[in-house]
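Here the chain labels run A, B, C and D in written order, and each chain numbers its own residues starting at 1.
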Amino acid sequence: MTPISLEAMAASIPDGASLALPPDNSLPPVALAKALIRRGARGLRLIGVPISGFATDILIGAGCVAEVETSAVTLGEAGFAPRFTAALREGRITIRDATCPAMHTMLQAAEKGVPFMPLRGLIGSDLLAHRPDWKVIESPFAEPALPGGEKIVLLPALHPDVAAFHAVMADSHGNVWVGRRRECATIAHASRRVLVTVERVVEGNFLEDERLCPGAISAAYIEAVAVAERGAQPAALLDEYGFDSAAVMEYARAAKTEGGFAEWCAAHVFAGRAAAAA
Amino acid sequence: MSVPFRPEELLATAIARLIRAVPTRHIAVGAASPIPAAACWLCVKQGDPIRLSLLHKRSGNPFTEGSRELFDLTGQGRVDLFFLGGGEIDGQANLNLIGTGAWPGMTVRFPGSFGSAFMYYMAGRTVLFREEHSPRVLVERVAHISAPGVSAPGVFRRGHAQALVTGRCVFRFHPERARFSLASVHPGESVESVRAMTGFAFDVEGEVPETPAPTQAELALLRGPVCDEMRETYPEFCARVFGRKVAA
Amino acid sequence: MTPISLEAMAASIPDGASLALPPDNSLPPVALAKALIRRGARGLRLIGVPISGFATDILIGAGCVAEVETSAVTLGEAGFAPRFTAALREGRITIRDATCPAMHTMLQAAEKGVPFMPLRGLIGSDLLAHRPDWKVIESPFAEPALPGGEKIVLLPALHPDVAAFHAVMADSHGNVWVGRRRECATIAHASRRVLVTVERVVEGNFLEDERLCPGAISAAYIEAVAVAERGAQPAALLDEYGFDSAAVMEYARAAKTEGGFAEWCAAHVFAGRAAAAA
Amino acid sequence: MSVPFRPEELLATAIARLIRAVPTRHIAVGAASPIPAAACWLCVKQGDPIRLSLLHKRSGNPFTEGSRELFDLTGQGRVDLFFLGGGEIDGQANLNLIGTGAWPGMTVRFPGSFGSAFMYYMAGRTVLFREEHSPRVLVERVAHISAPGVSAPGVFRRGHAQALVTGRCVFRFHPERARFSLASVHPGESVESVRAMTGFAFDVEGEVPETPAPTQAELALLRGPVCDEMRETYPEFCARVFGRKVAA
């Protein structure tokens, strides 16, 4: 397995692609998001699995995004996501609101190769009213608690064009290791293409190691791997490095305004490239 | 003889009493504020045999199937109690985590519904928690329903709101009539002061007691072993409320 | 976490219970099956996840079983399962035939707390004709490959009374480690009670260890743990010990007849107890 | 100049040719006999860029989500080729893995359907393999259908049988007319000898060639690197067919 460069990986994601991203507590590919900003991506349709965080906000701020399908966009302790909020108000993006288990369920339907899956809840929520793609049926199975019959929602399978996340490591065969963050496996299974950034590439085969295998995703699903050290920061990466609250707080303050965001980008997204080119 | 306490400590002990009011084996704590987490730890440290699944605990996160496991666990009926809040909460216990103005929140946009449109139906019960108690938050009718307080016949629903805890009072929820009643008012508040700051109508049955102050034993647990458990996940809260320095 | 004895665990499984078991390549609880034979269990309804092997055949041979719901009963390289075949012919057990992904899907529906899940395939198979609990509907979602509409099968959630498997180890908190055999997690999630035998109990907390956590099942699901060294044999246990083909071949030969099976039981199921009692 | 070869080697090379006849990125091999596995390894060792997922490989088993992953993978359309057999196979390529006599196999019971009632529809294509070629196995109409050879309109079906390889011949399957045609006969067989031993009617189009013998290069690969890969999973097969001793 030969890793590609981060910039080549970003270049391989076409404008307009639907791109599934895990949130800040689950291996977000922040370095790749910055590379997408540098390449000037446009019209991306982001999918939050099941919510969206820092990477989504910076992509929106940089004008890369047309639509977000997610259950929430948040910077966690640092508050509302400022560029998401501004872009939504200004009509520059659309949002398809969902609820966390609905995002998981739609991806699991794709993972299992079925056209839909049911989910309880949802009925009576205005989310449902705004999702014509979610259908209510009468369940054909008897539910003892509901002798009069049960209404239930069917959610369609969601097949992202691209899934991207930041794994701890890849092995010589292109398998990647995500540990307990198994939702990364679900999006890998559900998506047409899977792009993974990693801290490092190691020798060997995770699938041959009983201790590493349960947290691995087979190379069968993975199109390309790129090395991006500290590629999830400011988010945490399992026990490799912690969440950088100060950096997210600084971002949240800066990104309150368009100008502040542009300055933040100059310092944190483009500065690296200038240095690398020098 | 009463010991001085902080409002957060009052809220945590009030929530702990709601937890103990109903047999509870397993509580999941999501992205909610640290106060519900403190209440859960207080019950555990008081010796209640309760399992806590803390979604945002970084080391020892209880979920090994990724973030869907919380929802699956709840779907299975294994979560007796969950906590939810809301940008708006109305008198039928409807929650709005979407925003105000035209859909999808063109006046004020909140972050989004998270898991509410599932958890509120499928957890054994829900304690609603929102510190801000104002007519802006507690409204007659939410602008958009992320998750409804009650459900029509034919919709599978395992649980409802047990109570709504705010910075001013504790409301109990009655799903059969889809209304709140005032259960207790915090020190310094009255039925009238609560009514003035609440956008929805609620019931008052007889004399409304004051929310009991934390006992000395409760405060000792909160400031000691509960704080110890919470520092990794909520360092700033522990520093501010319990006066514990953030570890270097 | 205090382990219980194997015999106490077997005693806690009531006659008539539905009992989900993984097959020979996935941590079967063979020692527990032998303890069930010793306690004289009756009327068990076994569920193969997704197929059934050695443990199922010995339970059937000993008269513990009323029904099997599974996709196959086999001794693998050692051929047909002799006691299953004999009992079925003699009308002493009934079988509810399924297909592997249907078993997984029914358990996943229980895992997700939904009343049913769809599965493609199945239509045109006689399996479906013999499963009145499986329903065919018109999918409410458009499938581009089928412009005339799609018929699809809905399978009901399957909630076993008890799930049992043999894990490598348990920790001080009652978490167990099954490595890559994640179907054990699915049956743990789907079942009302979960009983786990292990090779050993170790200090610590698997959930705190990023390397062990992905292969762990949380104690939240587990009612009891019993230590049973070599508890999966003659089946294999990950990298702990291999498959004992010779033992299975010997069993397959002996169990061709009722008398041969009785002799095999005397030597391999009851002998240990006599020795322990001595 | 021909080298002596074993029937298993002929079958493996015949299957390898069927694999190579269609672009193939990923093959899953289930509980089938070792001969299809040998065919897959032969293609790999000949340099074809094919990924193999061997369900029964113990070390390095490719599945990290337990045994459901094979079926999910196939549901996703990521498996181009799968192998199936059957206690009975009929002229419409219906498979019976249930048994004969009244349901559920009261005369002869087979082990069961395994994943056939899903894989046969959802894999890109299936090579049917059954060494025994007799009227008992290849029947006019199977007693019970575990998995049907063709499906009605309105049923999602990604693939069908590509071919049926037996100890006597190779049949090609034509899903549009739901019939087999005779593609080649193994050395020593003829159209007539095959017809005599086959319980179903099949088509014969023009001259039926003999199944090509394995080349010297194929035999060298089978007996060398292919055998090396297969010994862990199929030690007895490797000892019997390739003359390799079982490791102590």
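Here, contacts are C-beta pairs under 8 Å (C-beta built on N, C-alpha and C of every residue); 3 or more make two chains touch, one makes a residue touch a chain.
All figures in this text were calculated on a predicted structure; none of them were measured in a lab.
Asker: In whole angstrom, what separates the CA-based centres of chain C and chain D?
Answerer: 28
Asker: Could you please state the distance in Å, as a whole number, between where the Cα atoms of chain B are centred and where those of chain C are centred?
Answerer: So the centre of chain B lies 40 Å away from the centre of chain C.
Asker: Could you state the distance in Å from the CA-based centre of chain A to that of chain C?
Answerer: Measuring from centre to centre gives 36 Å for this pair.
Asker: Which chain B residues reach two or more other chains?
Answerer: 59, 61, 63-65, 71-72, 75, 122
Asker: For chain A, give me the residues that contact two or more of the other chains.
Answerer: In chain A, 112-114, 119-120, 143, 150, 152, 180, 182, 185, 213-215, 239 touch at least two other chains.
Asker: If every chain is a node and each touching pair gets an edge, what shape is that graph: line, ring, star, complete or other?
Answerer: other
Asker: Output every touching chain pair, sorted by label.
Answerer: A-B, A-C, A-D, B-C, C-D
Asker: Across the complex, what residues on chain A touch chain B?
Answerer: Touching chain B from chain A are residues 25-26, 49-51, 70-74, 76-77, 80-81, 84-85, 88-89, 95, 97-102, 104, 108, 119-127, 130, 143, 145-146, 148-152, 180-186, 236, 239, 242-243.
Asker: Name, in rising order, each residue of chain A that touches chain D in their complex.
Answerer: On the chain A side, the touching residues are 110-114, 185, 189-190, 205, 207-208, 213-218, 220-221.
Asker: Taking the touch rule as given, give the residues of chain D at its contact with chain A in the complex, in rising order.
Answerer: Interface residues on the chain D side: 26, 51, 53, 59-65, 71-78, 122.
Asker: Please output the residues of chain B touching chain A within their complex, sorted ascending.
Answerer: 31, 56, 58-59, 61, 63-68, 71-72, 75, 97-98, 103-106, 109-122, 144-148, 151-156, 236
Asker: For the complex, which residues does chain C have touching chain A?
Answerer: For chain C paired with chain A, touching residues are 105, 112-120, 135, 137, 139-141, 143, 150, 152, 154, 156, 179-180, 182, 210-215, 238-239.
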